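Below: one structure, written as structure tokens.
Naming follows writing order (A, B, C, D, E and F), and every chain is counted from residue 1.
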Amino acid sequence: EELLGKPIFRYGQMEKENQIGAATGLAYTTVGGDTLSIEVSHYPGKGKLTLTGKLGDVMRESAQAAFSYIRSRAEELGIQQDFHEKYDIHIHVPEGATPKDGPSAGITMATALVSALSNRAVKKEVAMTGEITLRGRVLPIGGLKEKTLSAHRAGITTIIFPEDNKKDLDDIPESVRNELTFIPVNHLDQVLKHALVEEKNESNKR
Amino acid sequence: EELLGKPIFRYGQMEKENQIGAATGLAYTTVGGDTLSIEVSHYPGKGKLTLTGKLGDVMRESAQAAFSYIRSRAEELGIQQDFHEKYDIHIHVPEGATPKDGPSAGITMATALVSALSNRAVKKEVAMTGEITLRGRVLPIGGLKEKTLSAHRAGITTIIFPEDNKKDLDDIPESVRNELTFIPVNHLDQVLKHALVEEKNESNKR
Amino acid sequence: EELLGKPIFRYGQMEKENQIGAATGLAYTTVGGDTLSIEVSHYPGKGKLTLTGKLGDVMRESAQAAFSYIRSRAEELGIQQDFHEKYDIHIHVPEGATPKDGPSAGITMATALVSALSNRAVKKEVAMTGEITLRGRVLPIGGLKEKTLSAHRAGITTIIFPEDNKKDLDDIPESVRNELTFIPVNHLDQVLKHALVEEKNESNKR
Amino acid sequence: EELLGKPIFRYGQMEKENQIGAATGLAYTTVGGDTLSIEVSHYPGKGKLTLTGKLGDVMRESAQAAFSYIRSRAEELGIQQDFHEKYDIHIHVPEGATPKDGPSAGITMATALVSALSNRAVKKEVAMTGEITLRGRVLPIGGLKEKTLSAHRAGITTIIFPEDNKKDLDDIPESVRNELTFIPVNHLDQVLKHALVEEKNESNKR
Amino acid sequence: EELLGKPIFRYGQMEKENQIGAATGLAYTTVGGDTLSIEVSHYPGKGKLTLTGKLGDVMRESAQAAFSYIRSRAEELGIQQDFHEKYDIHIHVPEGATPKDGPSAGITMATALVSALSNRAVKKEVAMTGEITLRGRVLPIGGLKEKTLSAHRAGITTIIFPEDNKKDLDDIPESVRNELTFIPVNHLDQVLKHALVEEKNESNKR
Amino acid sequence: EELLGKPIFRYGQMEKENQIGAATGLAYTTVGGDTLSIEVSHYPGKGKLTLTGKLGDVMRESAQAAFSYIRSRAEELGIQQDFHEKYDIHIHVPEGATPKDGPSAGITMATALVSALSNRAVKKEVAMTGEITLRGRVLPIGGLKEKTLSAHRAGITTIIFPEDNKKDLDDIPESVRNELTFIPVNHLDQVLKHALVEEKNESNKR
């Protein structure tokens, strides 16, 4: 008796509202692309980081790199310096039966983390893809074309992507390209500038 | 010398009383559906979460997501803010020799947890199925037809299921459908509203 | 050079005295049944639970379920509320080279734990079998016939078994059945009522 | 480049002096028997138990059972009640490249532990074999004949063995049997009575 | 659905600025050499060392050796004696989907660690390769030719390498050799002297 | 892309100076012998023992036995009684890509540990081989001939070896034997007496 059937495949849709603690990433598979939500929750605790959603080792390490970058830059990012002592943090990628891996969700995980910890919303019309390094640099990824098509289908209007992938833009059909805004980035600072809504909703206290 | 024979298969039956700390989920297997109980126990401790019942990785992660959602929303859910520091919590799915996996017990585990921690009973006539995300969203699942048939056989009268599975309702024989109440949901708040009895049995102190 | 020969097979025998911290379970194997002792020891410590005796994962989880039930009901069971902070507990199943698995020793482990922690003896003439859930419920098991025959051979006179296995009683030869008392149960409370000697030997202090 | 050649085989020899913290066990292999030393060391620490010597899982669990029995009976055994809070303990079985397994070194490990912790010497002329349970019971083992022959060859004059193995004594050549004293036991109390020298060498303080 | 495509291969480029907490190493693969960045981040914590970037066991142990050397020589290296109690440290090697292993990044990891913890920048024009020991010694490595060619292509002008690899210099094409400065070393002190900029940028406080 | 090429083979050479915290062992492989350095580093910490250098399980256990012997005899060895509470200790065997295993480095690890913790230098002209037990006994090892030849080639002049290997001395070519001093030992006390320089370089404070 095994409860698990095949994972249900469903295409992602743009969020209906700007979200605090969730950002939209882009996945690339053998059968095409898809959007995926990265959710971050935090609550009083002792600094434990939990990662769920059937994530492979590379994706887990990517989350750790994003987390470390944020810890080392907490102050500049509008996050309490001692958040790691006061909260436990959980990063989850829904559709929990679908295996996920690779470094390209790095900047999405970083954005969701900053959003949750600084209480600033992520713009619902933005999706993003890119590896993050410990210094906040953004490295190139694969499958930009397929990822972009899936974002377009989901209703997304702005794509944040690694500057080193600029050469891949001309592979995207012009009809789709014309309906999207592309923002090339090489550092997380740029990602956050374009992905987070400007004013803070409320103070950073919880 | 090996003590383990084949797991005993038995069909679930509706509980005889409303239960605190237990909820009825629905399983989908290659040979049909079955109900399954999710039991939650808590006792003075230090916030350790134990999961038993031969649960696969996806189901364990699903439990963690449910748990994190509840920790981040404790106050709104009528649960002591610091419960995670004062109690150890154990989630068990009986028939311990039967392997179980998949994300579809997510909302059942969340409901059993809220029931146990807020001391509110779960209605005995309700069964439910649905993946839960870190934001409390309810995602679609597979096997709604088989799950519904098994719930009906067990004496259940109300099925809580993901709104995105509405399209699967017409696969269920009309004779069964007419004897059941179907409650489509897209957030755990709706699940709890329909699954928990309204008045608290007693105060939330233990 | 390998010190391990084949495990020595020996049939269990009824204890010569009522035991505190040990109960008699029933095992079911491809070559027949056997009794087995479950031993529990506790000593000043910090609440660590150790499980030994070449136990499989299902049997370990079963022990955890038994332990959690007892922690959540300590007071009603005549056990110090804070025993989990003051003692380490060890459950061992002798004949350490013989692999053992399955959920059917659940109520035996629970009984041995309650006996040890409440300082009440287990009746030597009683053997038992049944899965335990987190709520103390007793679920059906396999091999009741073979288990009963081995108990009879060991000198046992009373069998505690799951109510849901009543249908299996008629498989047991009448000659054996007539010499045994069968006690069907559906909750651990009933198990303890019949397995533990009534008066406490001494106070629950150690 | 691999530093490990074949393990060096050497037959054990009786100790030249009575030892504190070491006892002589008996091993049974496909090519015959051998004596083996069990060494116990303790030093200021926090109760950690370390096991080395390429020991298999069954032998490790056997050591844990021996350790738990001693913790639960510390006072009666002349050991400081709180030794587990003040010392780390290490059990090592030399000839570290030779794999060892099985439960039959249980009483030897228990004896070495009691010797180390109570500061009482083990008689050099004694070797022993037997599984130990959590209640200190001694269960039968395999290979008594081969074990006895190896003890005899090593210069040992007294064999402590499980009462349930009495039936195996007549397999031992009479010439060897006549030169040895055999002490059948069914509880560790008997083992310790015969294996430890009577007077304490010095007080139990370290 | 698997998000991971093939890792993106890209040749490293010299940093545009001197970096604090990052140093340039040299990798040797079956298809040639490449430069690789070693990034180090630290932030208030309790001395935990995290290693990411799909690193094999040998590379992880190499990082531990580098870390231990630095802890044992903190004072001489201009690092706070108690840094291991006040900070968590993360070493990451970007291009997180590419597996990396071997001891030859030892001195690069050590240099990046010293740079981060002493707040001294690493010269951007320097790349290095060499195993480090616990005493700070530098041991020879393989693939010096391929590593050098890749460094040259990346714009690097100075190569720090193990003295014991001097014999491999004549395998490097003269045209390349003439454009590079080679610094043979046998101890980390020499590495740091040549790789770190001389003056401290600011005080060692953060 | 895999950074690891074949491990670089290099023959060991005698140290140029007496070393504190490093001792020379002897390895035996299918293609002959080699010397190997055992390095020990310690720094303020909490008693954690780290082992690196691609060490197999038997070699790790051997290190633990050496460590326990030293902890139990700290005072007699001129080491602070509470060193295990104040320092973390790291044992590393360089040439980190080369797998190493077996118990024969036991006395070398013990010697390097005592040297580091008592601040006494190891004589550079001494190499050693032998298994150590928890009581400090020295057991025989394999490959004495090959080990001795490699020590001779490295410039070593004194070999410390297990007394039980005396019978292997006549396998060593007389020309080599005449240029070496052989010190047979059966206890670590003898090893330390011959391997450590007599006067302490400075006090045991760090």
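Following the convention adopted for this analysis, a contact is a pair of C-beta atoms (placed from the backbone, for glycine too) under 8 Å apart; a residue touches a chain by one contact, two chains touch by 3 or more.
These figures come from a predicted structure and were not determined experimentally.
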Chains touching both chain B and chain F: none
When chain B is superposed on chain C by its C-alpha atoms, the rotation angle in degrees, nearest 5: 60
Maximum centroid distance from chain B, chain identifier (CA atoms): F
Rounded Å distance between chain B and chain D, as computed from the means of their C-alpha atoms: 51
Chain C and chain D: spacing of chain centres that average the CA atoms, whole Å: 29
Per-residue overlap in chain A, given as positions that touch at least 2 other chains: none
Touch-based graph of the chains, sorted into line, ring, star, complete or other: ring
Running round the ring (origin chain A, first step to chain E), the chains in order: A, E, F, D, C, B
Residue ranges of chain E in contact with chain A within the complex: 1-6, 8, 10, 19, 21-22, 37, 39-45, 50, 52-54, 88, 90, 92, 94-97
In the complex with chain F, residue positions of chain E that touch it: 7, 9, 27-31, 34, 36, 56-59, 61-62, 64-65, 68-69, 71-72, 74, 81-82, 84, 98-106, 131, 133-135, 137, 139-143, 164
